[in-house]
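Listed after this line are the structures, all set down as C-alpha cells.
Okay, so subunit A shows up in both of these, paired with subunit B first and subunit C after.
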Partner chain A sequence: MSNIINSLYNIRLLDDLARKETAIHKIHPLMKLLTTVVYLTVVVSFGKYEIGSLLPLFFYPVMVFALAELPVKPILLRVLFVAPLIIGIGILNPLFDHQVFYLGGITISRGWVAFFSIFIKCGLTVTAAMLLIATTGMDGLAAALRMLKIPRLFVLQLLLTYRYISVLMEEVARILRAYSLRAPEQKGVHRNAWGSLAGQLILRTFDRAQRVYEAMCLRGFTGEYNTGGYERIRVWDLAYLAGWVSFFAITKIYNIPMFIGSLLTGVVK
Partner chain B sequence: MHMADALISPVVGGVMWAATAGVAAYSIKKIQNDLDEKKIPLMGVMGAFIFATQMINFSIPGTGSSGHLGGGLILSALLGPYEGFLTMASILTIQALFFADGGLLALGCNVFNLGFFSCFIAYPLIYKRIIQKGYSTQRIFGAAMLAAIIGLQLGAFGVVLETLFSGKTELPFGPFVALMQPIHLAIGVVEGLVTSAIVAFVWKARPEIIEKASFGVAIGNISIKKVVTGLAIIAIITGGVFSWFASVNSDGLEWSMFKTAGIEELEAPDGIHQTMSAIQSETAFLPDYGFKAPENEQEQGAVEREESWPAVSAGTSVAGLVGGAMTLAMAALAGMIIRLVKRRKKRLAA
Partner chain C sequence: MSHHKLEVKDLHYIYPDGHKAVNDMSFCIYHGESVGIIGANGAGKSTLLMLLMGVLFPCQGEVIVGDVHVTKKTLPFIRQRLGMVFQDPDDQLFMTTVYDDVAFGPRNYKLEEKEVENRVLQALDIVGILHLKDRAPFKLSGGEKRAAAIASVLSMQPDILVMDEPTAGLDPKSRRRVMGLLKSFEHTRIITSHDLDMVFDLCERTIVIKDGEIAAQGLTSEILVNAELMDSCGLEVPLALQNCPVCGIRKTVKQPRKKGNDETP
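Moving on to the complex of A and B:
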C-alpha cells in the first residue's frame, strides 16, 4: 500500500515541479532532452577507475537544481532509493579486484575505486533523468520526441499510459485496501485470489479503454493525434545546449580537478 | 532486472538503443497496417494497468516472500506481441524518468531484455505454439509458465552480456551467470503462475478478449527470421560506428590532446612559463606535496600502458584529491550563490 501511495506522490511531485516557470523550465524541451542525453553519455563514457575527472560533471545537476529552484531532498531521496541495487552489483568489484595502490601512506584497493566510480555515475545519471522530467514535464517531453520524429503512435501511447497511471494506481490501492480488510494479518495476495483480483481489474481496464476510445472519438479522434504547433527554438535555447555540450566536452578531454590540484599543490613544474 | 545507466558503456547503450528502435519501428509499422485505432487507447490503459499491478504483492505459498508481475508476456497474450512490445517500451520509459528504475541510456537494454525476449521469442515460439491447440486451463498454465521462465532466462542472460561488454564491473562471467540465472528462474516461475492465473480468469470471464488477441489479424505471422536478421545488421552497423566514435573521441582524441599539449609546453616561451610557475608557487597552499616532475612522468608512463587506469603516482593522486575536492566545493558554492541571489530577488520583489 505504502508503495502505491509513494509512487503516486512521486508522480504528482514531479508533475508539480514541471509546472514552475524558471529560466530552466522555459528552455525548449528538445534542447533539455539533448543536453541530458549528451550529459549521460559523457558520464558513462569515463572508465571504471576514473573518479577525479568525473567530478566537474557535478556542476550540471547543481546548476539545474539551483536555477530551476527544485527541492533537493525529495529528488535525492529517489536517487538513494535506487542505490541499493547499484551497491549490490558494485560491491562485487572490491571482492573480485584485489589489486591495491598507495595514496599518501593509505592502501586503497582498486575494487573500491571502481565501486565509488559506479556509485557516483549512478547518482549523476539518475539525478539527470529526474531533473529532465522535473523541468520539462511529460507533455514537453512528448513534444520533443515528436520533433525528433518518433512515431506518433508511440508518443500518443506513452502519453496515454502516463495519464492513466494515477487512475489505475488509485484503483489498485482501493482493491488492495478492500482485500486487506477481508484478509487481515496476511502478507500479500493469496494464491487463490491471484487470477480474480488482477483479472477483474483487467476486465475493468478493457471497459475503461473502450470508454476512453469512445470519448476520444466524440472529440474528433481519427487515429491522428493533433498536438498543435511546437514551441519555437530560440537562440537562447541553442546557446543553453551549446554551452553545456562544450562544458561536457572540456571535462571529457581535460582532467579539470587534476589541473586545479596541480595549480594548488605545485606538482607540475 | 533493470539495467542502470551507471553499469553500461556508451557503445553497449547505443547498440541496444538502435536494436530496440529497430524492433519498435517494425512493430509500429505492423500495427499501422492493421489500422485498428481502437487499440491505441487500449495499449495506453493496459500500460497503466501493468504499472499499477506491479505494485501488488503476490504472496508465494510456503515461502513467506512475494513476487510481482513483469508484464511482457501478459501484454502479448492480451494485446498481441507488437502492441505488447510498444506498451512495455512506454512503461519502461516512464519508469526510467519518474522512478529512476533503469535509466535513459540503459532504456534500450531494458526494453530489449524485458520486452523483446518475452514478446518476440517467448510469446510466439512457446506460448502461442502451445495455445494453438485450443484453450484450456492446463494449456494456459503450461504455456504461460514455460514462456515466462524462458523469457526471463533470456532477459537475465541479456543483462549479464550487456554488463560484461560494458566492462564497468569486475564481475567474471561464470559467477555472474550463476548468480543471475537461478534468481530469474524463481522470478520466472512466479511470473508464469501469476500470468496463467490472470489469463485463465479473463478467458473464463470474457473469452473473446483472449481469443481475439491470439487469433486475430493483429497477431499475424511474425517473421522471426526477418526480425533477427534486421537486428543483427543494426547491431553490427551501430556497434561498428559507435566503437569507432568511442575510439576517436576518447583514446584517440585524448592521446592527440596530450601530444599537442606536450609540444606546446616544450615550445612555450620562457616568459609565460615563468609567470605561470610564479602563479603556481603562490597559489600552492600545500607545497609539501610538490613532487618532482620526472618521477611522475616515469611512473605515469608505466601505468598508462594499462588502459583506463589513471595515473596513480603519489604526487598526481594528491593533486587529484585536492583538485577534486576543490571542484566539488566550487560546484556546491555556485549552487548556493544562485539560490541566495534568487531568494534575495524574491524578497526584494515581495
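Moving on to the complex of A and C:
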C-alpha cells in the first residue's frame, strides 16, 4: 500500500524537474512546444514498416535528457504506464499481418515489425511530451498555448485538470492509508469496500476542489489563469527551434541509418 | 477611513437542506480593530466568514464593506479589500512555487509584472519566508505553509484580514511566530478560532456565536473571563486564565454556577 501512496505523491516530480535552470529549461516555452509538435508530427509520419528511419529520432530525447539533466529512470517509468495501451493497439498486427520479409537470411514477420514500429513511435511521442512538461512546466506550457491564441477555456481546462490530478491523488492516498491501517492483513482493497471508497473519494474531492476554487475566486480569479508576463523570444530560442526542425526534416527526407550503413560498407569494401 | 469598516445587518442564512446556520446577526467592525469570532463547532463561524467574503449570499440582511454592499456585482472590489486566510493552507496554495502562489492575486488584478514582483517580495519579506520563494508549497512545513498563505493574501494589500483558525495545527513555536506576525499587522483583523489564548492575546473585541446567533459581544478581557458564558456556548476560559495545574492558584475568573448548587461562589 505504501508503494501506491509513494507513487501517487511522485506525480509532482515533473513540477519539480521543471524548476531546474539548465540551458534547455531557459529556452522559451513556445519554442519548446513548437519543437515538440514538429517532432511528434515527424515521428508519426513514418510508415509502419520504417523502423530504421525512426532510429535517428532517438537523438532528440537523448539530447534533451542530457542537456536538461533529467533523471532517465523515473521519466521512462512514466512512459511505461502507457505500455499496456500501446500493446493493446499494436498486438493485432502480428496476428493479422502474416507477410514476411528476409533480412540477412532471417525471416521476419511484417506484423511484428509493424508492432515494434507502433511501440517505438508511442514511446518516442510520450517521452517527448513528458520531456516538454519536465523542462517547461504546466504554467509555461499554458503561456505558450495562449501565445498561439488557443482559446483560454481550453488552456484553463488543461491547467485545472492537471492541478485536479494531484488533489484527487492526495485524497486517494489518504483514503488508502486510512483503509490499510485498519486492514493490515489485506493486499489491496477488498471488493466489498470498492463502492463506498469510490463514493467517498468523489465526495471528498468535490469538497476539496470547491475549497480550492473558492480560494482562487477570493483572490480575484475570474476565469483567466494568469501566469505572469510572457518572456521575450531571443535569437537563441529561435536557433533552438530552427536547429531541431532542420534535423527532423533531414531525418524525414533522408534515410540516415541507410546512408551511414552504405558509407561504412563502402569504406569496408 | 470608512472604507475599512465592516457592517453586518440582520444577517440570516439557511442551507439548502434547511439548516439555519446564521440567524439574525448584526455587528460592526471598525478600522484597525482586531475582533475574535468564537463559538463551538457548528456554531456558524465558517458560514459567517463565507457570507462576509461573498462566497455565500445571505437569505436576508446585508454585509457592507465601507459603503459598499456585498453583491455579485461588487465582488471584485470586496475581495480586493478583504483578504481571507483559509483554515487549511493546502486549499489556498495550489501553484507550483510559493512565488507564483503569492503572485496569483495581484496578477488576477492585471498589475504590471514589476509591481507584482514588488508586492510578492514585500509580502514574503513581511512573513519572513523570502528565502522560500522558489520552493514548491507542498514541500513546506505547516508553519511555513501558513506564512505563505498569509503572504498570498497580503500581496493583494487588503484593508481587512479575515482569518479562519490561523493557528490550527501548528506546533507551539510556529503558533507563537504566527501570533507575533498577526500582532504586527495594522490591518483590521477578523479572526475565528478555538485557540482562545490566541484570541485573548490578539483581539480587543470578541463576538461569541452560539447556534447561529450572537450570544455575546464586547471586550475580550470581559467576555473570555466569563466562565458561565463560555460554558453555555460550549467553550472554556483560556488556559492562561484557568487555575494553575501545579500550585492550584485561582485566577480571577467568574466560575460557572453548577446545577443544583447555586450558592457556589
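One rule holds for everything that comes next: the second predicted complex is superposed on the first by the 191 of 269 C-alpha atoms of A that agree within 3 Å, B and C clash if a C-alpha of one lies under 4 Å from a C-alpha of the other, contacts with A are read in each partner's own complex, and residues count from 1 in each chain.
Definition applied: a residue touches a chain if its C-beta (ideal position, glycine included) is under 8 Å from a C-beta of that chain, and two chains touch if they have at least 3 such contacts.
Predicted, not measured: the structure shown is a model, and the values here were computed from it.
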Subunit A: partner with more touched residues, subunit B or subunit C: B
Contacts of A:Asp16 with subunit B and subunit C, given as first, second, both or neither: second
Partner chain(s) touched by A:Thr222 [first = subunit B, second = subunit C, both, neither]: both
Which of subunit B and subunit C A:Met130 touches, first, second, both or neither: first
Touched partner set for A:Arg163, first subunit B, second subunit C, both or neither: both
Which of subunit B and subunit C A:Arg208 touches, first, second, both or neither: both
Partner chain in contact with A:Thr36 - subunit B first, subunit C second, else both or neither: first
Touching partner for A:Gly188 - first (subunit B), second (subunit C), both, neither: first
First, second, both or neither for A:Ile89, with subunit B first and subunit C second: first
Footprint overlap on subunit A, comparing subunit B with subunit C: 163, 208, 212, 216, 221-222
Touch list for subunit A against partner subunit C, complex: 12, 15-16, 18-19, 137-139, 163, 208, 211-212, 214-222, 224, 226-229
In the complex, subunit C residues that touch subunit A: 50, 53, 55, 76, 79-80, 83-84, 86, 88, 91-92, 94-97, 100, 103-105, 107-110, 113, 116, 134, 136, 138, 152-153, 156
Touch list for subunit B against partner subunit A, complex: 2, 4-10, 13, 24-25, 28, 31-32, 35, 37-38, 40-49, 51-53, 55-61, 64, 66, 69, 78, 86-87, 89-91, 93-94, 96-101, 103-105, 163, 167-172, 193-194, 197-198, 200-202, 205-206, 209, 246, 249-250, 253-254, 257, 277, 279-281, 283-287, 289-293, 296, 307-310, 312, 314-324, 326-328, 330-332, 334-336, 338-339, 342
Contact footprint of subunit B on subunit A as seen in their complex: 3-4, 7, 10-11, 14, 36-37, 40-41, 43-45, 47-53, 55-56, 58-59, 62-63, 65-67, 69, 78-79, 81-82, 85-86, 89-90, 92-93, 96-97, 101-104, 110-111, 114, 118-119, 121-122, 125-126, 128-130, 132-133, 141, 151, 153-154, 156-165, 167-169, 171-172, 176, 186-191, 194-203, 205-206, 208-210, 212-213, 216, 221-223, 252-269
